[in-house]
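Here come two complexes built around chain A, the first alongside chain B, the second alongside chain C.
Let's look at the complex of A and B:
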């Protein structure tokens, strides 16, 4: 009796897990499947197609006409810079607000954290005006500044928590050895923050990697456009060739998915730490 | 030591970059929005001061009301559909051992790392009346007839489905982490006492997950309020504002309808609502946690 019930339990358990996995993954499988066929084959009554001939040329078109390499390079560069800046700035500010003795420390910290509540998209209109006036639209700064600004509050929040948990004795010893504050921050404290730096880096990456609202508002030429633009621009150009559109979508999604699958343990941990604390 | 840690100059240099970024990228645009919200600026030419006109107009604007209603619907969808499902899946996943656990966890999160640009276009195709996946699935189950998923009556529900689907992995992962943090000794004790699955879940898992649920619910409500990108690409608020959200509406008003002043007024009200809701939720939940 008991083993029978256990068996039924197991079946229910696996059914739930597999059903949800199918719901989450099937649209993506459908996407890849159709991206390998020709546009005519899409008008089918079945769920998936077996392409008569695998059309790799869809991907070749997507790669070349979607500016894939340029946009990927821009995405990698801009996101890496944003991560580095967020990490450095949040360690500096976090240390000053948690460890240094001054009157306004809590006020400054609260002010910087307020950024978490501000909806990014409400700043699109005024920032467009500001960037236009000072001439940074269509430069890398138009993306870097807001990306750093909107990831900083979360970064700072996580960093202050971690900095607090570092035992003060280490810093005291460093002071005895004649270290200045800058050296303490960057050579004593920063190495101890490695796990939290990873968390902040992952959260910043996830926040900004797929961002396109700001990018499409502040940029006009392809020079600094990021990966989502491969898809955004393509739909107009190949509006009737659906298979190629599917290829460009699959191609654009690929880098993030591949990196995620390789680093999935670290990313899962980072998100869990970041989100539960944030 | 004390002198070193209260050196004003050092403190100033440490916080300066953060404060500058905040002033330039967050505070300055808000101030500018407040200013333009009082004008009839169109985006070009002169800005004329019109006092509270924009705000009076906004108060009577049905599209803005619809935006807030849609945010509420989305928040309800997150809390009543996505979260219970996510929690059940997280609890089930926790029971698995070995490789399968990691594989499923990885699969559920994949849609989250894919750009909204891809997700929105993909679902546009899924909803396509001619060759879309959804109508084909219905055909397989014997339903005929082409449903127009993005028509005025259906569109908002179709948009909710996409958003609930896309954010599922995120919510699941956070519940999963919460469940993993529960001391396994409690489960052992319950099983020795002969407690069934449901008793264990409702008497141990749920109560201990309270703080995690509060965080997750707060995040869901706020993200429902801030929703823009998926809607912008999938329906752009249409047909006839039926899928409108505040962020998308202010963008449309400023850049498509050339009512930059009005768009900024919406922005100001939008910011106030977001801040108020965040503060309110945090207060309510903090009181509850202490009680």
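Let's look at the complex of A and C:
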């Protein structure tokens, strides 16, 4: 009786898991499928297509005409720097606002968190004006500054929640052993924050990887353009080369998927642990 | 402890800002280097090219006569269609003038317009794409960001009469038109012959024909209703047939007063609603986009397709099966019963074009380049050869005799035209009006809002 019930439970569990997996994976399969067809085959009624001829040249076009390698380099560089900066700043700010006693600690934390409420579009034109005045438009800073600024509140929110859960005794012991503030933060606290760092890193990465609005406004020459611009290279005035765009999107999605797979283990843990303590 | 901390933080902040300063100038120099490179090849290929070109650009700058022109374009695809034509001319100009480098920045329409606003505040590129339509140009000219052009210079550029009007304000010329767009109904000639269908000469005939086609299990007209603007163009076309040459006065009156209750406007809208209700368009037309709609027609699932003359390049597109592409023909909106517009009063306009920035540091060179583009054997000729549609200049001398049947038909339509409509209704008013009419027209055509509500709503957007 008991084993029978267990079996049914397992079947239900597996069906649900498989269904979820299919729903999650289908868009990716669909993307790859369509990226191998021609633009005209795209408009069939079926869910997936069987291309008449597998068109690897879509990918070749994406690489060459879409400036894929240059844009990939830019995207990777900008996103890595943004992730590193956000993680470091949010650890330091989180620690300062949670554990250190100073007059404005709560005020500063609230101000930083308020950033979550500001929509990107509202800042687009004023920021352009500011960047242009200080001469950073069309440089890497034009993307790095807003990417860090817009990811920071979320990162800080998760970090403070997580720092709260670290027992104070650890830090007290560290002080007793003669640790300075920096060793406490970076050698004692930071290693304990691993799951939360993974979460912040992945969120920052995913948020900024596909960002286009700010990139298109603050950049003008191809020097620092990021991957979403690759898709644009195949947009015509009225109609577009959809098949190549699909190939570009498949290539663009790949790094994000890989990052997710690598950090996947940590992210669920991090969100769950950080969120309840906010 | 506290003081130490503050001191440490200050040191950290200072070192960060110093480092940032270093990084900044470094980036700046790389940027200039590769900017030149971009212009040299007009297409970034990667890092290697980057390094190579850096040295070269250094030498060029030393000569001291270099001019860098920035071109802001709404044609991101530089390998096909209009974007290719634009790039061909740029390459040619740079070859003829080795001291001039042209940097292209291209974004598609929505992103283009957003960035145009940013540029209008600060740092407008030297040559820009514009639209000679009040919904776009009025605000731009009020901001005073475009340079005035000397109309006399263009006397022998063979611009079609009236095509410059949309680019003028108070009699001064601020831009030049690139295309002449005609609203057409494309049809599949073979399908028509096989079923012995006739090209309709009145709107009633068209309605009957659509009924017949629908009964045969084929979509009568493929309509890109998802985008809003093609239906607004269709409405303009109907209005031309209903009100004749009076239509532009009716539209401008309605927009200045916000009162769209003129009977002609009602009749034209009602015709659109009736047609949609009778099943003239494909199922779900109000949510399907450009590509999907075009494909219905080029796959042979639809007998007709309503779109502008720029799409005549379908006849040259090898992705479309030969049987269909060689059989594409077109007619203009048939006359409406009791309408004042004749068969040769057509909906056509000169939309996109180019202008020069008023604050450009190299204005003379920019105007020189603009004039180069508009030499009759450049934009106009290349455009014709690449089948990207009609230019705003007289193209008759570039006829090779190898034109597709479709191209010949379109030329004939234009030559026979007794009047052209000018700017379609959605682009006649302020940008709020454009947004309103393009989103509301779907609702009225599929019957979810009434004609009167539709006209009131778009009227309110004008105030």
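Heads up, the rule we're going with is that the second predicted complex is superposed on the first by the 185 of 278 C-alpha atoms of A that agree within 3 Å, B and C clash if a C-alpha of one lies under 4 Å from a C-alpha of the other, contacts with A are read in each partner's own complex, and residues count from 1 in each chain.
The rule is simple: contacts are C-beta pairs under 8 Å (C-beta built on N, C-alpha and C of every residue); 3 or more make two chains touch, one makes a residue touch a chain.
All values reported here derive from a predicted model rather than from experimental measurement.
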TODO: Check whether A:125 is in contact with chain B, with chain C, with both or with neither, and answer first, second, both or neither.
DONE: both
- [ ] Figure out whether A:235 sits in contact with chain B (first) or chain C (second), or with both, or with neither.
- [x] both
Open item on the list: On the A-aligned overlay, A:253 touches which partner chain: chain B = first, chain C = second, or both, or neither?
Closed with: first
- [ ] Tell me which partner A:117 touches in the superposition: chain B (first), chain C (second), both or neither.
- [x] first
Open item on the list: According to the stated criteria, A:25 is in contact with first (chain B), second (chain C), both, or neither; which is it?
Closed with: first
Open item on the list: Per the contact definition in the header, classify A:264: touching chain B only (first), chain C only (second), both, or neither.
Closed with: first
Task: chain B versus chain C, judged by how many residues of chain A each one touches - done: B
TODO: Classify the contacts of A:185 with the two partner chains as first (chain B alone), second (chain C alone), both, or neither.
DONE: first
Open item on the list: Based on the A-chain superposition described above, do chain B and chain C contact any of the same residues on chain A, and if so which?
Closed with: 42-43, 100, 102, 124-125, 129, 181-182, 212-213, 217, 232, 235, 242
TODO: Mind listing the chain A positions that touch chain C in their complex?
DONE: 38-40, 42-43, 64-65, 67, 69-70, 73, 100, 102, 124-125, 128-129, 132-133, 135-141, 181-182, 212-213, 216-217, 220-224, 232-242
Task: chain A residues touching chain B - in the complex, by the definition given at the top - done: 9, 13, 16-17, 20-21, 23-28, 30-31, 42-47, 88-90, 92-93, 95-97, 99-102, 108, 111-112, 114-127, 129-130, 145-146, 148-150, 152, 156, 172, 175, 180-182, 185, 206, 209-210, 212-213, 217, 227-228, 231-232, 235, 242, 245-246, 249, 252-253, 256-257, 260-261, 264-265, 267-268, 271-272, 275-276
Task: Partner chain A, residues of chain B touching it in the complex - done: 1-2, 4-8, 10-11, 14-15, 17-19, 21-22, 24-26, 28-30, 32-33, 36, 85, 88-89, 92-93, 95-96, 100, 102, 104-118, 121-123, 125-126, 130-131, 133, 136-137, 139-140, 165, 168-170, 173-174, 176-178, 197, 212, 215, 219, 225-226, 228-229, 232-233, 247-248, 250-251, 254-255, 260, 263-264, 267-268, 270-271, 274-275, 278-279
Task: chain A-facing residues of chain C, complex - done: 2, 5, 8, 20, 23-24, 27-28, 30-31, 34-35, 38, 43-47, 70, 72, 74-83, 103, 105-109, 111, 114-115, 117-118, 121-123, 125, 290-292, 294-296, 298-299, 310-311, 319-320
